[in-house]
Structures are given as C-alpha cells and as structure tokens.
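The two complexes that follow have subunit A in common; it is paired with subunit B in the first and with subunit C in the second.
Right, the complex of A and B next:
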C-alpha cells in the first residue's frame, strides 16, 4: 500500500550489478578499516555489521498490516514497518544500554528481552483490540493452516479480505523479530561504545571519565541512526504488509540481508573513523 | 519499474527548490561561524534558518520520492534521512580535528559532501540490491541524507552557537563559584542531539504526510514544512538558553516566534484557499425562550 494509492513494486531477486557492487563496497569498507586501525576497531566493525544483519533479518518477522489492518482487512499490526521496528528495536536498545555496564552477555540479553517484550505487549494489545474492539477472529489469508498450532483459518476469514487479527504464528514471529531487532541494536551500541571509550580519550586528549558521557551520547545516537537506516532498508524490501515468517514475502529476506550488510559497513566505517582519526 | 503518480500539477520545479534549499542552507551555516568573531554568539539563529531551508527543500524531495509507490509510507523517508544524516553530521563536525585541514570552515561543506556520498550508497543499496527499481531513488536518498545532516548541524549550531566537535563536547558547571569542566553538561554528553534528531525527523516527514491527498498543492505543503521548521526552532531556542548567552537565546527565540507566526498564518490562508468551502464556525446558541 503506497501513500498515494499507487502500486508498490520492484523486481524480484537481486540484480547482478547490485550484488557485485555490494560485495565490492563491503570488502572496501572492511579493507579501509583494516588499513586505518586493525585490531579492536576492525573487530568492532565486523560486529556492527552483524548487528545490522540481525536488525534487517528481524524486521521481516514483525507482522505489519498498515492501513488495511486498521480496517480489519489484513492481518498484522496497523502501522508501518519502520515505526514498529523502531519501537521494538529502540525499546531493546534502551534495555541493553541500561545493562551495558553489567557485561557483554547481560547487555545483549537485556536488549533482546527488551525488544521481545515490547513486541509481545504490542501484539497482545493488538489482539485485544481486534477481538473485543472490532469483533474479528484472527485469521490469515496467506496460508490455510497455522504452522505452529495447526488451526485452520478458512472458515473464519471474512469474504473479500486478506484475513484479519493476529494469528498465533504472527504473534510468535513478532516476538522473535523484536528479540532479533533489540539484539542487533544493542550489539551496535555496545561495540560503538567500546570503540569510543577506547579511542576518544586519545583523539580528544581527555581523561576516560570525562569522555564517558560523550561516548555514551554519541554511541547511543549513532546506534539509533543505524537502526533506522537498517529498518528502512528492510521495510523497502517488504513493501507494505507482511504477516510473519509464514508469509511468502518472507522469502525475500536475502536481499535485505545483503543491503543491510553494506549499509551497516559504510555507516559503521564512518562512525568508527570519527573516533579513530 | 513503478509508475510515478503526480501528487500535484504545476508549482516550482524540484531542481529549483533543491538549489534554493541547498545553497541557502550552506550560506546560513557559514553565517553562524561569524559567532567566532562576535563577543556573544548572536548569529546562532542562522543555524535554525539553515534547518528551515533544508526542511523546506527536503519536503519537496519527500514529495518527489513518495509519488512513486514505495510501499512503506512517507515517514520512513524522514527516518532514513535523519538516521544517515546524524552519522554524516557527527563525522563532519570532527573534520577540522582530523589533521587534514585545520580550519573549521571545512565543516559545513565537508558534511554535505560526506552526506551526499553516504546517501548515494544507501540509495544504490535500495535501488539495485533491494531492487526497488525506482528511477529517482538514488538521487532522492542522497538529497534526504544531505537534508538530514544539514538539519541536525543547523539546529546544533543554533543550540550551542558552534558546529565544531570540540565545542559540542565541552561543558562546564559552577560548583561553589568555581567553574569546573564537566562533559555531562555538554551538548553531546547530555545527548541533547537526540531531541534535535527527533525534531528534524518529525519535521521532514510531517508536511507531505499531512497534506497528501487529491487536493495537495505544492505551496501549501512547503509552507507547512517551513512552519514545522520554525516550530522546531522555538524548541531549540529554549534549549539554547543552557548553552549560549541570554541575549543570543532571546534573539533566537524572538526570530523563531516571528517566523512561526508568519508561516502559520500563511499556511492557514493557503488551507482556506484550497478548501472547498470555508465556514467560520460559531458556537451553538441556546434558543431564547
């Protein structure tokens, strides 16, 4: 569904030019980082790219219904991909950032649980609104049977719609998507924070304690920025609505993975150069 | 390939809006540097004007881009613009400290160039790797990344009177009459940039999202964009009380309020012009017995 009611499109698969240039850009970014500062900064860039991949992959799990869902004509949450991904991922990012002092593993777990919890609450409230507010049962139009519970949808689906509500599989997909998004966002934040704590005192000529608030501030805002870039690239890949992991559109995720890897590599390179040089 | 659906006929060509917005914003950013020669940062408000010009141009870009079926809604354009813009702006603000060119005059133009390169790469990813196949996507995302970087840099310059990284990280608190260096009270250490980030993201996505529809007209949409810009300026001028002198902050505040009142009234007039009919609503009177 486009904003102006135009057909949303784009070709299937990836273009050969896109793949080749993408791989060249990815290798160029990694090589540039290795030349400028091998070791800690290079490892961080690799992990930032992994974080971007997790965000791009996770966004595909989140059930998005857009405006049709608000009218009960398609399953999913009635808002855009970017908004939902930003909500889930940023909730996770804040959870992870709070736990950053407690160690790498705890921070990542905090991020994943924060994002997953936010999606779980959202999905629950969406179903409350659908079932008690709009009086529609949860039914998918894309598949005949729920892959997890085995429930059939056909008898409950209203005529002329693509389904409605939030079936169990979409709910589970949403929680998985929130976990992956929160995990990816927190990974980017923790890695950038490590780089800034390491290199900013040298480049600014200040003590580590004085630099800490600045490192936290810059790492936070850049993690938010990179999160939104990756979420929008994944949203462009989805073009409109997606029900969750059982949706046929889910199979498109490889190209978003490729796109997010290149975008994270370039954005991460610029973000790390800022501290290192 | 998707087909363009023209939102409104006529109006100013997009390239003209681009030229006015880009050149005007860069000139305004350079004017804030005059602060370095003044006893007080009185020229801070030019940063806000740069942000308004960038918003005005960015709204036309969003309109240009979203006339193709993106499938994700208009707000995603604002999100990717500011998301990539903040990275370009932070790197740009540190250009003078990197050892190539030591003058801070490189910062505004350098930021725009970094943002353009980053935007072209993200545009290429969306167009060719994600295979959106939209002819204006690469140019539009490059423009939006520049818009995002200029908005953040302009509002930053308005809040702190400077766009140099070293000024953004230095803050001080007075403790028993002794001035102490405290980075927590600096612009970046206090993460005031997060507020500026959201003000810019909402501003750039809102105007076209609010005005789109069968009766959209370019001058009304762009007037709403300018109004959003001045509204953001009012918020930032209040933030600037914490960083610049009282006189400079008051000057910024007065200029933003004047700009906002003017653009709001203009927008109201244009909305009346475009409406099918305008009824001045009156309260329902009780029938006298």
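Right, the complex of A and C next:
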C-alpha cells in the first residue's frame, strides 16, 4: 500500500461472477434494443457503448495526484480523476458538437483534438506552477526512468515525498486521455443526435426543424451525463492517484472497460428507447 | 472576411472573459479553501493545529462550478425567453447563482467545522461574516464572466448547444482548469510556508499548516491576497488559453480542407505546447539540480 492511500500494485483481476453478470446485462441490453428497433438505432447503441469504453479507457491515461499533488507529495495534476477527465472530455464535446454538421469524421476528430488541447494547456500550466511557483522539478514516484525521454527521477525527488511535478510521460498520457475522452464523448453525442433527429419527429408529431433544438439539447445533456458515469466508474477503478500509462494501476483498465460497457449499454438503451418508443 | 474578423474578435473577447473567470475562480476557491488542498485544512485540527481557515469543499470545484455556472446561464436563458435584455438577464442570473453559492459556502463551513468538534476546532462566527461575502464577490466575477462567455459562444458564434448546457460544459471545464493549476500554489506555497521553497512537502508534515499571519491569526482572506499573485493568474491564463485556442482554431481554420484544417491546427498547437513543456521540464532539472548526487544516477 502506498502511504498516500490506494494500492500501488494494480492489476487485481475481475471476479468470474462479475464478468458473467456484466456480459449477461450487456447482451440483454443489446438484445432488447435489437427487438425494439433493429438497424439504425441498434448500430447507434453499439457505437454509444464504444464511446463509453473510450471514455473509461481514456481516464486511465490522465495523470491525477489529488490532494498529495497539491502539496508536492506525489506527481500528477492536483485534482480528482473524474473532474479532470470530465473537463477535458466536455471541452472536446464542445468542439465535436460544433463540427457535427461537417461530417462524422471531422466531428470525431474535432472532439478528440478539443479534449487533447484542453489537457495540453492544463498540463503545461500545471508544470509552470510546479517549476516557478513551487520550485520543484518533475519526478515520478512509480518508475525510475521516464519511458519516453529516459530522464532518471530518483535524484530529483524531495525527501519524504513520492515525487512531484508532471514528468513528460504523464504529460503525453494526459493529452492521450483528453483525446480519447473527447472522442468518446463526441461519438456518444453524434450517435444520440442522429437517433433523435430520426425518431423524435415521428414520436412528437412535429417537423424535423422544430425538433432539432430539442434533439441537440437532449443529446448534449445525455452525452454529458454518460461522460460522468463512465469517468466515475474509471475513477473508482483507479482509486486515488495515478501517474499515467506507466503507472502500475494503469493495468487495471480491463475492469473499467467491463464496467463502462455495461453502464453505457444500459444508459444508452434508456436514452435511445426514449425517442424510439 | 468581415464574418471572419467578427469571429476572431468574439474569440478574443471570450478568451479575455475566460481569463478573468479563471483567475476569479481560483482566488474564490482559495479563500473558501475548496480545492484538493482543503484536505490539509480538514486534517489540521486532528493533528492538534486549531486554525481560522474557511473550509467548504463538500464536492470538487468542477461539479460546484458546473452547478453555479449552469444556474447562472439557465436563469439568464429563462429571463431572456421572457424578453429581458441579455445584459440584465446575465447579471440577474449570475446574482441569483451567487446566492446559492453563498448558502453552499455557509452550510459547508458550518458542517465541515462542526464535524471537527471532537478535536476542539471552534466555529468562528466572525470568519463566516468576513469570508463568506468575499468568496461570494469573487464567485460573482467568475460566474458572470463565464456566463457572458457562454452567451457569446451561443449567440454570436452560433454553437448549437442551448445556453444552460453550454454553462454546464464550460463550468465543469472552468473548475477543472482552476483546480488543476491554482491548487498546488495554494496547497504548498501558502499552507506550508514554514517548509523550504524548492522542495515538496514531506508526508510527515501533513496537517501542519501555517496558521499565523504577520499580525495575529491568519484567516482565509490572507489566502486570497497571496494566491492572487500567481495561482489565480496562472489559472486564468490556463482557462483563457483553452477557450481562446478552441474558438480560434475552429473559426480560423475550419474553412480549410472541409473542416480538417481546425483538426490539423489543433494537433500543431498540442505539439507546440508539448515542446514548451519539455523545455520547462529540462530547465527545472538543470536549474534546481538533483537533490542527491551521482549515487542514484548510477543506480538508475
């Protein structure tokens, strides 16, 4: 156990019962969707689940040090996992929703880059404060060497701490996490928007133009909600702090993938049924 | 061309509003002790250090700011729907949201401090009187500027999201950027001024926060004064850059290559930020040097 809370070993496996229950729920949600509306709505649900998986996986890349990072006791960004990932993903969703009319590919890429850019700026300013505000160099507590730059860390760690600052590998991890979060959030938004634009005019008995603002609003709200659901599941999987892709806790991501798949399937099913039925 | 210039102008105004919003957000959260360093304020009485620091973190900054900005934006949106002037609507919406923030601050301080009664931490009525209004004032600046920025994005730039949803998105992003950037400066440099500059706080020093100011006991108002020198502006620059670059790359480059121009511009910006970050990291390693000498270098 780490002195700063949370296990540092990582890689605890999944229980067989959990896997079976998860798979049953996943198949049940997909089957229900297939029975209710095969075709476009079913494909959308599958892609919504993929979006949820991207968010859950992406959160594991984001270097978060929580309260210890704010004291220079551990490396990472001094905030909570869910919050930071949500901030980055939602900034991506903003860009993706803006680009939605330019096509599927541009919207997804726009969302991903929006999230990545948010994290790139945040990580840079975090390092500015660490270096010039607190006077500490970046040093990881989990690995001896930075896997990208080859910098050694042991000699740069303050006495009595588990490292501090934001090593380059964590910076790159943050940008990747932001990109995946923005991509996943935008995918969910675009798919739900497509479903609502298709089915809401029929169920509400109104013209497509009249329904569009409602479709955009509901798709956006549900995309934000599903973003938080998946980010919270991933944060519970991480428990406490994580430095990025080099952290041993990163290996726990398969559990979060399973949890996010089930949660996204059920949330997505409800979100789509609302318009289809 | 005129449309492009208009878009760039609005981006600049939105970026400036975001900068003010970020700076005010961080200063507010430092005065109210809401970010992650708050755990040290909560821990201090348990370690025997009674203090007069405000403590209102019952959730993270991002959801709290998500709530307040959404409230401000939602109320402004509702008032505009019944034909209020947008300026008046935004001011009224932000003002009502600030009263919610004030209630939250008061109840959070009383609740959190009361939970420490068994460690003999008192509730200071004069702290509630003096600090709550100051955090509310800073929160008003943060909420008003952020809601105005969201209004510009929807009405001037034509983003498809309705104003309250835009408020939720940027409120959470504002809290995330502010708590990430400003927190370390407040958490380490302000709370642990008895520790040496240029080193992290040892884990054994947890809870031993600095409790006395130049004259008498320190209150959270001193935190606002101190962190507005670096933590606040850094948070402001962070949020301002995020907003400005996100808008600028879209407005300026979306015309190119069927929308892919904005994506390519974003990738180039990310690479530039990575290079700058690496420069800062190397500068810090060279300037501050290793804390322990070659022995560990060889071992690594």
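Assume the second predicted complex is superposed on the first by the 266 of 277 C-alpha atoms of A that agree within 3 Å, B and C clash if a C-alpha of one lies under 4 Å from a C-alpha of the other, contacts with A are read in each partner's own complex, and residues count from 1 in each chain.
Here, a residue touches a chain if its C-beta (ideal position, glycine included) is under 8 Å from a C-beta of that chain, and two chains touch if they have at least 3 such contacts.
Quick caveat: nothing in here was measured; it's all calculated off a predicted structure.
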**Message:** Taking subunit A as the common reference, can subunit B and subunit C both be placed on it without clashing, or not? Answer clash or fit.
**Reply:** clash
**Prompt:** Does subunit B (first) or subunit C (second) touch A:157, or do both, or does neither?
**Reply:** second
**Asked** Looking at the overlay, does A:66 come into contact with subunit B only (first), subunit C only (second), both, or neither?
**Response** both
**Message:** Quick one: is A:109 in contact with subunit B, with subunit C, with both, or with neither? Answer first, second, both or neither.
**Reply:** second
**Request:** May I ask you to decide whether A:176 touches subunit B, subunit C, both, or neither, giving the answer as first, second, both or neither?
**Result:** neither
**Asked** Once the shared chain is lined up, is A:80 touching subunit B (first), subunit C (second), both, or neither of them?
**Response** both
**Prompt:** Does subunit B (first) or subunit C (second) touch A:41, or do both, or does neither?
**Reply:** neither
**Item:** Per-residue contact with subunit A, leading partner among subunit C and subunit B
**Value:** C
**Asked** Looking at the overlay, does A:220 come into contact with subunit B only (first), subunit C only (second), both, or neither?
**Response** both
**Asked** Does the superposition put A:235 against subunit B (first), subunit C (second), both, or neither?
**Response** first
**Overlapping contact positions on subunit A, where the subunit C interface meets the subunit B interface** = 3-4, 66, 80, 82-83, 86, 213, 216-217, 220-221, 224
**Complete:** subunit A residues touching subunit B in their complex are 1-15, 17-19, 21-22, 25, 66, 80-83, 86, 203-204, 206, 210-214, 216-218, 220-222, 224-229, 231-233, 235-240, 255-256, 258-259, 262-263, 266-267, 270-271, 273-274, 277
**Prompt:** In their shared complex, at which residues does subunit B touch subunit A?
**Reply:** 1-5, 7, 66-76, 79-80, 82-88, 90-91, 94, 97-99, 114, 118, 121-122, 124-126, 128-134, 166, 169, 181, 183-184, 186, 188-191, 193-194, 197, 209, 212
**Request:** Would you pull the subunit C residues touching subunit A in the complex into a rising list?
**Result:** 35-40, 60-63, 159-162, 165-166, 168-170, 172-173, 175-177, 179-189, 191-192, 197-206, 230-231, 234-235, 237-238, 241-242, 245-246, 249-250, 254, 258-260, 262-263, 266-267, 269-270, 273-274, 276-278, 280-281, 283-285, 288, 290-293, 296-297, 299-300
**Item:** Complex contact set, residues of subunit A against subunit C
**Value:** 3-4, 66-73, 77-80, 82-84, 86-88, 90-91, 93-95, 97-100, 102-103, 106, 109-110, 113-114, 116-118, 120-138, 144-145, 149, 151-168, 171-172, 175, 213, 216-217, 220-221, 224
